[in-house]
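Paired with subunit B in one complex and with subunit C in the other, subunit A is shared by the two complexes that follow.
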Partner chain A sequence: MSIALRELLRRPGRFAPVVVAMSLLVVLLVVLGGFLDGLSLSQTGVVRAHEGRLLVVAADADLALDRSRLPDEARAAVAEVDGVADVGRLSQVTTTARPDGGELVDVVLVGHDLGLDAVPAPVGPGTAHVDERLGAIAGAPADAPPAVGPQDACCEAVGSVLSDVSAGAPSVWVGHDTWLELAASIDPTGAPTTQVLVVEPAAGSDLGALADDVRAALAGVVEVDVATADEVVAADEVVAQQSGTFQGIIGVTFLVTLLVVALFFVLLTIERVKLYAVLKAIGGRSPDLLAGLAAQAVVIALVALAAGGLLSAGLVALVPPDLPVVVVPGRLAILAGATVATAVVGSLLTLRRILRVDPAAAIG
Partner chain B sequence: MPALQLQAARKEFTAGDQTVVALDDVDLHVDDGEFLVLMGPSGSGKTTLLTLAGALATPTSGSVLLAGDELSGLGDAAAARVRRERIGFVFQSVNLVPFLTARENLLAVRTLGGGRADRAAKERADQLLDELDLADRAGNLPGELSGGQRQRVAIGRALMNDPDLLLVDEPTSALDSVLGRQVVELLREEVDRRGVAAVMVTHDERVVDLGDRVVEMVDGRIRD
Partner chain C sequence: MFLAIAELRRARGRFALLGAAVGLLVLLLLFFQAVAGALTGGLTGAYEQARADVWVYDDQARLNPQGSVLDEGAVDAVADVAGVAAASPVTFTVFDVDGEPSAVLATDAGSPALPRAVDGVLEQGTAVAGTSAFVEGDAADLLALPGVDLDVAATADGATFAILPTYFAPRDAVATATSERAGRDVPLPTSAIAVAVADGEDATAVAAAISDAVDGVEAVDRATAIEGLPGAGTITRSFGILYVLLYVVVAIVTGVFFLILTVQKRDALVLLRAVGAERGDVVRPVLVQVVVVVGVAVLVGTGAAVGLLSAAREVFGAGLDVGTILTSAGAILVLGLVAGLASLRRVLRAEPVEAVADGGL
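Showing the complex of A and B:
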């Protein structure tokens, strides 16, 4: 075991301040990452539920589903295209729901035709699949009718859907014809119409070529964009702004982490000038000393990740269900790797001071 | 061939716009197995001579030869290798690594420079601790040892790499007269036993008789 690691074992108290500071920063990073992913996933759940399919959106909507309007004849035209196994309508509107015995809450009412992995096909008029969190958020029984819209008009809950197919608010999924009726009652002055078409490609279809064919088939009907779910998510301005904001905050947090680690190790180096001079005098090299500091930084980061991870898990468990915090393993892995790398870089900012340690200072 | 040879070794330092001559064209040689005592008032150049002999600094002019190998002009890495493999240091204030045990302080010499404390190194460390009557203190940290015991650990560390040259800086300064003499006697024994050349800087005239030769420095020169 190296000299540096023995110091960590024998003098843990010396490193406690930086471990505590880094643990708290890890908590901040995990929670920020959780909000970043939670907001992004909760905003885009309806779209992401259609991965593997093509979404046909009016060209003037810039891939914003709720701004898109398609004429009724578009569906039939798309259904004729070679390589299209099925085509359905998809529309959404933000409204309110008051589950029996509960409070008024915002919901997204989604109308669809095709079944999904995450949402079964509509059962029939007046029925809905309801976000699993809706009852908890409204303070109502989980199986209470959602009572959607200004007239509490809909619906009988026939099943639940996972909360990750929401779109900024809990979702209520109904058949598209039911959606058209409800949308008219929600906005009596409007004329609800299909927003988006969902294309189920035939097995083995090339999505790029199919998108071109769909676009061509609608050339005389309406100008459209045909995109995958990922492309629609990437074009979502709200999500992009939220992601940019959170990533900026996460970046600043990493900068603070870097400065905390660097400051700690610079102070430690100043305190140890005499010891480092002795180690150099008996044959140690600057790279040996730097490697020792880097090893200490790695261990400190790993301990902070473990402690911060546990604290974060407890904190996330306390977050109310209406706050969108989602801890994604991939995000955790990135944060962990970046935290270790930041700690190592911070420790290596002592380079100049280590190089300046004069071994001759050990004598006299 | 002398273990250590300085030929017209000169060391100048710049202080502001003045040049200070710390070592003024010094000629000196130390043979294998010779225990040289270097005395002189503060500022006479003893420490500077020790830093040149220990490859801790390079002379402004002249040469420093360790068993015939030129030390002046070595780069940092090469100088570190010489110090690690061929020179043993005993420092004035002991300067053990405070969070390593006595045994680990000896083994640290082997792990520096990317080396490993292999079985042979551990056996040598145990042997040295035994010779220095520290076998039962091998697992103690420096803070748990007496001043004399710490100085003996420092001697063991200096001998760990089986050096060509032992450089000792004021070994008695922190010890009482009895303990100080015991430590220098121990050094003398180790020099005799191993046939290693040693240079000891000291102000302590009570241990001068233990050296083979006494050299006095004044104003950066060796007094004839």
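Showing the complex of A and C:
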């Protein structure tokens, strides 16, 4: 193995081509992973912001928040349930905003009552917490009033929220009563009403039992599903379909990486058949030779990961902020591990050629 | 030529590995194009299939029909602009149909917003369904809206909006359903105006004239309207990044392979030159190998992509058109040849005299 590693140090140029090819494949994998996570996270931010709470959704909406419509009396009925610390309304609608001095951009207007870790409670009528990216996307100052909806009707920006809580577009969070007024002007045909109730459980409450109690309390009012944020995200068919497609594409990209590495090591092995024969003639075993190739593959993969990672960081920085690319450390770790494993497997596809090397060939 | 083919036969494994890598990249590229095409088609099909040459929105709507609300007099004002043959109001709304959210486009009989394939079919009490293989759910025979049932009189393939099952319905029926759903009288607003321009008129010029003549509206030609629909531009640009990366990877992988192969064959190339082979004699085999390996890979990758997409037809619809396949295949073949230039440079640098120089053959 030490011979293999010393060869890498002594003749790095020989390995440069495969490093370049693998680096580009790493860039492709990182960008694909970025789209996979970006699409998923950007569409589910409003729901994920409510982790640890229960979401009450009309049963005929199939856990799709924007299709759910709940009657006004549902909130009071849920508030009476034992184990409910607080209950608030949550609704969203897609519209446009023109932050003062900027371009018109698509936004998701979210109405809510309860404060969250990521979004403070509404300050009052006519105020909003605005996605931190909105100013950059619209080309306006970060604290510019968002001017939401067809009449530029709202609001004074009183704070920003992380873009992590977006829902397919930058989000603007307002009090739910303000949302109802704005939604009526945004979609006059929609007759806006509360879409979802958010239940803050009392300390120590069992979420499963609480969900059953909430469902029972609403039995005479409206038929509902009560779910956690994770369950609502998992039920999103669009997100599931996108994830499946991108994971398939990432899988094929790994197959390409495997073939490229295998191709390179096959060429390298052909070139070194005589040297391997000499090594075998003086006592080297096939497993030692294969271990050397695997070690070289690991180093090549690590260098490609470093170079590809840097290139990806540059590329992602150049991507316009309205494109859904989010690089998640956990995803990077998985891609890195899989890239190293793929490189090792690719290098070991030379197994047959290594085993066929005859020590006698060393003396002609 | 003989040498090129002989080497391809002798080192089948090596060339097969390169061919498989390039073939998979072709498969990925075509698959991306099919996914992007199906996604944008599901979003914009209703516009692509419509007879309308120009679309008019509220100038605050950012070309988003679902965010646009036009004043009542806008339709008449647009109809009066020179070059406009027909102008018809359209309301974009969403109803639950058979438990699935469905886009409902409320318009008039004879509206330019109706799909060309079913122009004139929209009568009172009927609806037209826009279908797409990519959009889940089959078109219902009966469009059951709140308080109104409409017979689906015709279907228009590909005429979908917002990746939802789509229906074109008469405005009075949708107005009734909207009020029924709201539980009170709700006026049906106009989201957009579909405009057919008069024969011989330029759609872009008519759109500009409408924007100038009518306050508070933004009029654009069909192509601009399609590009401006929410999500369409994002999909195009996102997949554009992936296409570029894939083309670069194809070029690098092909270039690197032939470069290594050339370096390994250097002694043989010097020998060939020493026994009288011209530069062209040693360059041609490399070019032949690039064309054969990349060409076969493109054919196999394309075949696999077409097969896969046919098997998943219910997800991706028609998938790919011949023009897209030919353009992509041609681009990859050209890129393969360009990538092979580095190895050609090495081949051309092999001098006959090296065979007898110190350290030569």
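Convention: the second predicted complex is superposed on the first by the 363 of 364 C-alpha atoms of A that agree within 3 Å, B and C clash if a C-alpha of one lies under 4 Å from a C-alpha of the other, contacts with A are read in each partner's own complex, and residues count from 1 in each chain.
Assume a residue touches a chain if its C-beta (ideal position, glycine included) is under 8 Å from a C-beta of that chain, and two chains touch if they have at least 3 such contacts.
Worth saying up front: this structure is predicted, and the values here are computed from it rather than measured.
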Quick one: subunit B and subunit C on subunit A, clash or fit?
fit
Once the structures are superposed on A, label A:Phe35 by its partner contacts, choosing first (subunit B), second (subunit C), both or neither.
second
For A:Arg98, decide between first (touching subunit B), second (touching subunit C), both and neither.
second
Angle at subunit A between subunit B and subunit C, C-alpha centres, nearest 10 degrees
90
Once the shared chain is lined up, is A:Pro17 touching subunit B (first), subunit C (second), both, or neither of them?
second
State whether A:Val158 touches subunit B only (first), subunit C only (second), both chains, or neither.
neither
Most subunit A residues touched (candidates subunit B, subunit C):
C
First (subunit B), second (subunit C), both or neither touched by A:Ile186:
second
For A:Ala341, decide between first (touching subunit B), second (touching subunit C), both and neither.
neither
Considering only the touch criterion stated at the top, classify A:Val27 as touching first (subunit B), second (subunit C), both, or neither.
second
For A:Leu263 in the superposed arrangement: first (subunit B), second (subunit C), both or neither?
second
Once you lay one complex on the other using chain A, what is the shortest C-alpha distance from subunit B to subunit C, in Å?
11
Please report the subunit A residues shared by its interface with subunit B and its interface with subunit C.
none
In the complex, the residues of subunit A that touch subunit B are 2-3, 6-7, 10-11, 274-275, 278-286, 288, 358-360, 362-364
What residues on subunit C touch subunit A, complex-wise?
13-14, 17-18, 20-21, 24-25, 27-28, 31-32, 35, 58, 60-62, 64, 66-69, 91, 93, 96, 99, 101, 136, 163, 178, 181-184, 186-189, 230, 234, 237-238, 241-242, 245-246, 248-249, 252-253, 256-257, 259-261, 264
Of all residues in subunit A, which touch subunit C in the complex?
17-18, 20-21, 24-25, 27-28, 31-32, 35, 60, 62, 64, 67, 94-96, 98, 104-106, 150-152, 169, 185-191, 237-238, 245, 249, 252-253, 255-256, 259-260, 262-264, 266-267, 270-271, 315, 319-320, 322-325
Along subunit B, where are the residues that touch subunit A in the complex?
47, 50-51, 54, 56-57, 76-77, 80-81, 83-85, 89, 91-92, 95, 97-100, 104, 108-109, 111-114, 141, 157, 161, 169
